[in-house]
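A, B, C and D are the chain letters, set down in written order, and residue numbers restart from 1 in every chain.
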Amino acid sequence: MAVVGASGYLGAEAVRLLSGHPSLRLTQAVSAHHSGEPLSKVLPWIPRSQDLRLASPSDPLDVDAAILALPSGESLRVVPDLLARGIRVVDLGADYRLTTPGLYEKVYGRAHTDPEGLASAVYGLTELNRERIATARLVANPGCYPTATLLALVPLAREGVLPPHVIVDAKSGTSGAGAAPGPLTHHSEAAASVTPYGDGMHRHLPEIRQALGMLAGTPADGSPGITFSPHLVPLVRGILCSIYAPGVDPALPEPWMHVLETAYAECPFVRLGSVPKLPWATGSNACLLHVQASPPSLVVFSAIDNLVKGGAGQALQNLNVMYGLPETTGLPLGGLGI
Amino acid sequence: MAVVGASGYLGAEAVRLLSGHPSLRLTQAVSAHHSGEPLSKVLPWIPRSQDLRLASPSDPLDVDAAILALPSGESLRVVPDLLARGIRVVDLGADYRLTTPGLYEKVYGRAHTDPEGLASAVYGLTELNRERIATARLVANPGCYPTATLLALVPLAREGVLPPHVIVDAKSGTSGAGAAPGPLTHHSEAAASVTPYGDGMHRHLPEIRQALGMLAGTPADGSPGITFSPHLVPLVRGILCSIYAPGVDPALPEPWMHVLETAYAECPFVRLGSVPKLPWATGSNACLLHVQASPPSLVVFSAIDNLVKGGAGQALQNLNVMYGLPETTGLPLGGLGI
Amino acid sequence: MAVVGASGYLGAEAVRLLSGHPSLRLTQAVSAHHSGEPLSKVLPWIPRSQDLRLASPSDPLDVDAAILALPSGESLRVVPDLLARGIRVVDLGADYRLTTPGLYEKVYGRAHTDPEGLASAVYGLTELNRERIATARLVANPGCYPTATLLALVPLAREGVLPPHVIVDAKSGTSGAGAAPGPLTHHSEAAASVTPYGDGMHRHLPEIRQALGMLAGTPADGSPGITFSPHLVPLVRGILCSIYAPGVDPALPEPWMHVLETAYAECPFVRLGSVPKLPWATGSNACLLHVQASPPSLVVFSAIDNLVKGGAGQALQNLNVMYGLPETTGLPLGGLGI
Amino acid sequence: MAVVGASGYLGAEAVRLLSGHPSLRLTQAVSAHHSGEPLSKVLPWIPRSQDLRLASPSDPLDVDAAILALPSGESLRVVPDLLARGIRVVDLGADYRLTTPGLYEKVYGRAHTDPEGLASAVYGLTELNRERIATARLVANPGCYPTATLLALVPLAREGVLPPHVIVDAKSGTSGAGAAPGPLTHHSEAAASVTPYGDGMHRHLPEIRQALGMLAGTPADGSPGITFSPHLVPLVRGILCSIYAPGVDPALPEPWMHVLETAYAECPFVRLGSVPKLPWATGSNACLLHVQASPPSLVVFSAIDNLVKGGAGQALQNLNVMYGLPETTGLPLGGLGI
């Protein structure tokens, strides 16, 4: 197993989770910025990583599978070669999530250079696409916001119960913005504020709309209309999505809870319960859901650790599925709690 | 000037703001828990308070006006006597906000014992009710959430442009919950979480609906339907309301901005600008508004310091109006920034 | 295995860690406040706990070993009976830490009612007292502050290199103060502050002095003089101790690092490295140490997760030793990192 | 009045405080990065700044006095010209704090290019150097850490009561590190940690040692030895220094409190009281002191808002003194409290 981009937050989290995995063994870790350094120096909190030295992106990989945690656009340069050499890939980036080159170009402002790979990519929302993931060679791991949003919405969309408009007010810790310092995530700017930052056009919205169509059969550019509004909150880990369905009968929380409970009856990571608190998910691969009446709307709350279920944990979950292992192997079911 | 309930967060903030006010002078401060102690010991951050000793609730007030910052229900026991003695009152609590005894009993589960006072109370949302406040003897200061919400919604409701459903996703620092410790605001529970806590039925919703009707003429139990969903965020001061208007033409942010700019052209505390950050309001009496397209919705962001514009600052603003002083006297126009 | 006091922060953490332990199985959990309720409802973040119902303190325990996480003084009422029934006990409280009834009474202001148990108790600082722990029936688990302090100081004290005075400036997250709400840990009081709270006489100081004597042979009331100064910092988990040795040759960090490295060469949880960051320990049983020259002092930094190595994790580590299991069984070696 | 470097945190704070000052009027604001933009756009939280446009560093200043808030080394390039043109200068940077070119070069690694200006500079610790400040043309404003440390230590050093070693464990919010993003102050790195970052050699230590000699007559390279150890804490504003005097008679807190009370009897910003909380100083020019017995040490706690008393507020305090205004003019005496 290789992790490419091991010094970013998602790559480091993949290394951390692999260090406790009983079957998947990390044998190569790649970092453009730290090649040649011991992994234990770059990620000092992961004690089992002491023997590895970080490889350079130009070093060949000698593995069965690779987790990619690269800046936007860079997966396009490495995936074709990895697939050609028979290496299975789980890509934590966005390059293989949108299913058509046209949509990719529209959203990211550059041409997609690997349409063949794109055609073969499987969307890695494990609970809702497990069968296709099992046989995939290339898995496009969902974004953190889409993971929290879709696990709440897809079963309800499949039942056809969503109203014409749905509003997703998302609150995210700052680790979702990555390890590169910048004004938005400068501590003095972020620590005493709640910062809306989406400009109304977040890149995750096309991913959410497309996945709703693909996984729930909703029309590609029709109902439900999704408003997606991300906010940075002064936390490091965690996403809470408050998802509003206006104009829905307030007697429906129980039926909606039932739809979700049924959908995830065999899914140990996705759990229905009381209104979730973020630390219940922190450090774990859990997604915690709750439906509440808030007349004249219903609200669905969805909580995850953005680096685990919203990133590296779901990547390992997908690898478990791809290797025929029990889906929960090596992944914490429960969070720190406080 | 007296502050009754001076040791709670809102009462202490009133004392703090009065200490910098050039015309309104604090001569009595009352605290049930700290009577007899020097104010400077109980509120050690307010240096000009050194000479006062806290009075007991049974001590008579010898003042022209009083700010009440009391637990729910307790204003009912002191307001009739204060009014009878000719003392003007600004009540920071909820006892005189709902205009009918029946609604009060429905929301708070107890009878309203001062219907006469209630009939005379004026709702203290300064910018939108200034003329009635000027001649009031009893002002019911709005709650912090209604202040942030109504300053955004009332001008739009007056124009009749709001859609049938509006969703208010409110994020509040913990000081809004007051100084009494409890599980919800225990640091270890609140500091690493974003906690939805409204149970779908927040007490501020009837106040918002009633004020929309009173100040904007919307029908009492009709459109727009308001979903109000409060969340605790790990901050001390500040409320950010993200207010969603689904299904509205995405070309409308500029016209909506214009409606708000026009409504507040003469109001130095309410300002339209870029997406607000909470510290821009911290410590000040400002309310910062912005309208953004987030297709298929419009979003209005509204940011205040809950203890100032959402409480003690607006109380002083109302007293300025009641005493014919310039409305901004003694009140910070701008926040700390960071 | 039983956890008594399962709904407090340390008890809950013991339940959480046991849920991932391959050999020690939780079969009873006791809570005075929540008896009869399902553990999964009281600790909703721990999915494997779904089958247990919380027992009442009056229910008999049918286990080999018990972890006690009780309020100060309450262990005295249950330990004698547990020992009499052959149940091994690891006590997370302070009742069996001070080795003489006289010292206990002096520090806690009440008589010690179980001098026999006290005489048999073994101090549970695993790395430095492993052999005695292996055969103990009753282990007094160290406090969180003493754990972080003693792991830094004992090897240096054994070498006799400490100066006459040592200053421990300790910064702790609020979870160390427990789950009961109070003014000191009210979010609005704690979240924007660093709060010194020791009054110069913290209860952990006698424990530190005694353990230095017991484990390093320092004189009972003599050198080194230890100043212990605790501060609450706005975090939930984590303790960082900055330990100053004034007047020491600034060329000594390497020799001191060497003393510590040698002492912990066989101890996977205690690691020397660069200046530690708290999240490197969060969620793990690690203690991270570093020595730095800060002329005219040396500084030793020591970082732990107070709920794990400073509490429930060290309890499991001790149980591993008591049961002859590898010491690291079921305990995370590395923290979340961020 | 001009502020040069108006878009950094200290410059912005100077603009903010000037906006509420009744006598000192901001007429020019300079920013290398934002020249030509309206000040109200760059500092949107300061409403009274609406008319000014930011000037470029090459624009001539037409003012009586200037506050400089520039990156290290840049004041050397502008001060000579300003002084030559008769403009009084308060420099918030470090270029004129160390009194000899040799020490400056040793600490900052570059030659001091304005030894003449340096010789004329007056150290701007207002309470302890007021008379020289009154007639100064160039004031070197102290650093934030030295301000908090020296206000505690100088009166005690003057009395000759300090022991041979003093340890300053300083906890600072991240705004002290400035507005430029970097790894140390990246939110995800700083928000869940307490980070020692001094490497034992903080640049503020020579400033502290020199000022102790200058203001208290301690020997230049002798007793007391000062260990200065800075830590970043997850706050934006505020510095708490815990200053340890080991081996001092524990009966001395009252006499030491008396020394400090006497020293600051006529200083409204420096106040002795109970153990200070940081928010008591936030937003104000206060420095709050307390002495506590922590046998075998005494501890002095000192709390300030690093951007106000530790920066822009003290600059205005010095300008008040230079212009013969009451020292407190336009400066908040008390903080937000919570």
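What we mean here is this: contacts are C-beta pairs under 8 Å (C-beta built on N, C-alpha and C of every residue); 3 or more make two chains touch, one makes a residue touch a chain.
In this text the structure is predicted, and so the values were computed from the model without any measurement.
*Asks:* If I rank B-C and C-D by number of C-beta contact pairs, which comes first?
*Replies:* Spelling it out, more C-beta pairs touch across C-D than across the other pair.
*Asks:* If you average the Cα atoms of chain B and of chain D to get two centres, how far apart are those centres in Å?
*Replies:* Computed from C-alpha means, the inter-chain centre distance equals 36 Å.
*Asks:* Please compute the C-alpha centroid of chain B, do the same for chain C, then give the distance between them in whole Å.
*Replies:* Here the centre of chain C sits 45 Å away from the centre of chain B.
*Asks:* With centres defined as the mean C-alpha position, give me the chain C-chain D separation in Å.
*Replies:* 39
*Asks:* At which residue positions does chain D touch at least two other chains?
*Replies:* Counting only residues that touch two or more other chains, chain D contributes 9, 175, 188-189, 192, 234-236, 279, 282, 338.
*Asks:* Draw the chains as points, connect those that touch, then say whether the picture is a line, ring, star, complete or other.
*Replies:* Chain contacts: complete, every pair touches.
*Asks:* Across the complex, what residues on chain A touch chain B?
*Replies:* 164-165, 167, 169, 171, 188-189, 192-201, 225-229, 231, 233-235, 238, 240, 242, 244, 246-247, 250, 275, 277-279, 282, 292-297, 299, 301, 338
*Asks:* Chain C touches which residues of chain B in the complex?
*Replies:* Of all residues in chain B, those touching chain C are 9, 173-175, 177, 179, 181-183, 185-192, 234-236.
*Asks:* Where on chain C is chain A touching in the complex?
*Replies:* Going through chain C, the ones touching chain A are 9, 12-13, 16, 19-20, 43-48, 175, 236-237, 268, 271, 273-274, 279-284, 286, 307, 332-338.
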